[in-house]
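Contents: one structure, followed by commentary.
Read from first to last, the chains carry the letters A, B, C and D; within each, the first residue is number 1.
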Amino acid sequence: MIQLDNFKNILDRYKIIFFDAFGVLKNYKGLVPGIEQTFAYMQEQQKEYYIVTNDASRSPMGLAESYHSLGLHAVKHDRIISSGMLAKEYLDLKVNSGIVAYLGTLNSAHYIDSSGLHTLPVSAINSTNIDQVNALVLLDDEGFNWFDDLNKVVNILRKRTIPAIVANTDNTYPLSGGNEVSIAIGGIASMIEGILGKRFIRFGKPDSQMFMFAYDLIRERMPVSKKEILMVGDTLHTDIMGGNKFGLDTVLVLTGNTLPDDAETRIRSTGIVPTYVCTTAVVD
Amino acid sequence: MIQLDNFKNILDRYKIIFFDAFGVLKNYKGLVPGIEQTFAYMQEQQKEYYIVTNDASRSPMGLAESYHSLGLHAVKHDRIISSGMLAKEYLDLKVNSGIVAYLGTLNSAHYIDSSGLHTLPVSAINSTNIDQVNALVLLDDEGFNWFDDLNKVVNILRKRTIPAIVANTDNTYPLSGGNEVSIAIGGIASMIEGILGKRFIRFGKPDSQMFMFAYDLIRERMPVSKKEILMVGDTLHTDIMGGNKFGLDTVLVLTGNTLPDDAETRIRSTGIVPTYVCTTAVVD
Amino acid sequence: MIQLDNFKNILDRYKIIFFDAFGVLKNYKGLVPGIEQTFAYMQEQQKEYYIVTNDASRSPMGLAESYHSLGLHAVKHDRIISSGMLAKEYLDLKVNSGIVAYLGTLNSAHYIDSSGLHTLPVSAINSTNIDQVNALVLLDDEGFNWFDDLNKVVNILRKRTIPAIVANTDNTYPLSGGNEVSIAIGGIASMIEGILGKRFIRFGKPDSQMFMFAYDLIRERMPVSKKEILMVGDTLHTDIMGGNKFGLDTVLVLTGNTLPDDAETRIRSTGIVPTYVCTTAVVD
Amino acid sequence: MIQLDNFKNILDRYKIIFFDAFGVLKNYKGLVPGIEQTFAYMQEQQKEYYIVTNDASRSPMGLAESYHSLGLHAVKHDRIISSGMLAKEYLDLKVNSGIVAYLGTLNSAHYIDSSGLHTLPVSAINSTNIDQVNALVLLDDEGFNWFDDLNKVVNILRKRTIPAIVANTDNTYPLSGGNEVSIAIGGIASMIEGILGKRFIRFGKPDSQMFMFAYDLIRERMPVSKKEILMVGDTLHTDIMGGNKFGLDTVLVLTGNTLPDDAETRIRSTGIVPTYVCTTAVVD
């Protein structure tokens, strides 16, 4: 049987904690009950934290507000690292002019705006402007007509040899109703990659670039070693795989994608081994 | 350089010809010009033919009518083998009661109707009837709302351990406009398989079952050896791969998916080698 | 909980039984204890049987002898259908001259010998004869030096655009010692396909061609409907998937790859649903 | 047609140059003729360089010596970043005790030695020490018996739930003879992942961690922006994909894996677009 550890005991051994968001801090019902205590304890103990999330649907500011409205006021927007920020950094560094076409909501598109670039939904691309499209970004599964715009994406990428960026590598996300899921933009991206035989640029855990982004932000403020950082997540393939590969110790919590009854089987069948397993990230 | 053969000379050596439909007999503009002559020549020479197609959007009767309306009256409905017929055979043999949910048009659903089964679009599945759904068939990319119904399919297959059948394995099909394509139901099926980690039952070339179905129909009427059958197609991965594997001699024609300039490179890079390459299936 | 059925009751309802070999009739220790009774009962009840196996390491004659030496004398060689027989049929129909290079033992190569072809191990291919190699067959994981000959296969297939045939699609097989496995030629084939980006011609369950081969042999002797045939196997991805797709009723037995404790989880997670589940294929 | 740029003109615009090794600085014949001039010019112009290579067969010291012996004395060992260094960092950070089993030569194993760990070839693992194996590292395709040790790796990973690390993600490497290749450890790793259904930890381009490692080393010595770094490589899927994703400008050179005649087709078919294309990295 799998050995369960006490989250508080583990927390005490690290200086900085990286949290996944969905399934760790919140779920479809709202906040994970008691999670405020974890943030209070970290403040008291002078632990630093970052939230490292594959959610590219809103800006860090928008994400922080969603925690505040749920009653978790301790979360600061400058401690939220989203895969959307990596997409934005890519555009800033690599695309200098023309149109960036996107799939997603207006909200998701807003914060990838970059100087010199014109951001347009895929639905607004036509024969008069397609030649100016210099990048295509897949941000969110909502905000567009799937039939029209997914077919359009396939044809844009057949005509234009441009980078396609995926800002969320997840295949599905849980729906607010309960045990139903919704197809995420990462799942849609895989379909289009398969159809075209092309490789998209994917940002998001388990990729190291997410962790590096947070790690760089910390090091601007203080010296730190990877041995002092703990990654906490509910998903083996993203949070634990990514944290391990980056060289961090990892905690699998059982409040989200990995159910208590499945944890042991999944760890064994995937070969992705967290340093610790805890029932929850709540300190009580 | 690739050696091009004369189609008439090749035809003369075989007793029965299997044709792929799209890219061989017709394309987005209508009939391949002159293809009537091939059918006239086959009749004159007492060659038998079958059309072996991954098109599950209509019944063989409906497909035959579409040739007639284009002016090719020689095509008989009982010589058309579609992947949809295999889906229907599967339901007849393996599903005895309850609801068959489907993605596709009413036309595509009509001919999979099977005695004792109730055929319903995925959009009509809800909490009151989901427990009676005993199979799910992916027939066509049209006739439903992608966002609503693809998400619904994912959740139906998470709740019900039932067979999911794909009646068309193609990823895309050419659009009538010219050099644009549309995502086919086979591409959508791959996305859902990837998301769920499940294996669907796929009917359609290159799978042998398509060829076997036609081969069985011939043998009911006359004795025949595989050496006497020629498969003619425009796509290496489906027509040529499937024909070769079934043990047939194969002709790649260059009026569809494989362009004259690409044929040699594609044969070499895929390792899928047709017995012959001809510019067209037209006998002149 | 999964419902377990009595194998004898099921057997009584069918006229012809297809058996997988390994994990159903025999395992690493020898015969499945009591399996002789099943063959005695079938003879008494005038049921016909075929053994449908992905074992291409020996001829049907050699496979039958291995049952006889274990004490199961009822197995006749003309009732054994192996994936190697399909490889042989392919060579007979499609390759008319030159050298067939192979990976495997001399035993495995012996029965693919075809008139007009010269069969040579990959190790014997060199610059003087490579231009005459017209097909490459992957038969068995033994009988060659992996480092030398796998590298040689990659380079032969880079130079020669010829069909590569895989006569056993399994990834691993159980070792006689107990709970260890050995990499099968199907796993090796996948590696080489991945490296070259080429598609090999694969024979073996779950592909329908295996079932069709047996079905054709029966129909030469008597009229039969697919509804009268039962497929019995221990592996969901090959035996059950293939049997279902071909339109047969299927029995999963728990004496091989699928353990009693895992059966329900695996059926649910793969979506491959047998018609029945029985602890064993032994009639008692 | 693709536009070819002059390498010297491009070099002049950047402060730091990352080079891939094989196909850029050297090939199977030895050094790329004239490449010393590039290093002389960089020294003269006070450009910094790093060699970023998926070669885990030797230590940076050993790799530097191989350049010296070929006559390129400008290459310093502390400017070589290999995927093997990332494997070593992983072991230092994440594995604290026990045995690290490896596939590869003694040379490749030597530099992953880490304090507190006992490094043993896979061939030395047996029933008396398997329980102490806490990680398995795939370093090189030479130095072991493929049949024995690949089968052993499969069985070790079936018994022990431990991380498996791949220190070279390449599928093949060119052989010294000319146009032949050899299967690399990355290709072997994919086979074993496929057989086990497990995910290995892969270090090497295109993964960002390689670039980050070099980037961190630079920043310890001077402030630098990603805009001042140029990545030069011969392979789209590793060098260019990885450089682009990390936010660097990229040059594809045509002295290695990508041939002049194929460059345009490959860029279009993969969708991986270098910032520039140059015939060579030689400054003349």
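Following the convention adopted for this analysis, contacts are C-beta pairs under 8 Å (C-beta built on N, C-alpha and C of every residue); 3 or more make two chains touch, one makes a residue touch a chain.
In this text the structure is predicted, and so the values were computed from the model without any measurement.
Please decide if copies chain B and chain C contact each other with the same set of residue positions, more than half shared, or with different positions, and reply same or different.
Since more than half of the residue numbers are used by both chains, the interface counts as same.
Mind checking the rotation angle between the two copies, chain A and chain B? C-alpha superposition, nearest 5 degrees is fine.
Resulting rotation angle: about 180 degrees.
In whole angstrom, how far does the Cα centroid of chain A sit from the Cα centroid of chain B?
Distance between chain centres, rounded to whole Å: 40 Å.
Can you check how far apart chain A and chain D are, centre to centre, with Cα atoms defining each centre and the answer in Å?
28
Nearest whole angstrom, what separates the Cα centre of chain A from the Cα centre of chain C?
44
So which chains end up touching which?
A-B, A-D, B-C, C-D
Residue numbers of chain B touching chain C in their complex, please.
89-90, 93-94, 157, 161-164, 196-201, 207-209, 212, 226-227, 237, 241, 244-249, 267-273
Flag every residue of chain D that touches chain C in the complex, lowest number first.
Within the complex, chain D touches chain C at residues 145-147, 150-151, 154-155, 158, 171-172, 179-183, 187-188, 190-191, 194-195.
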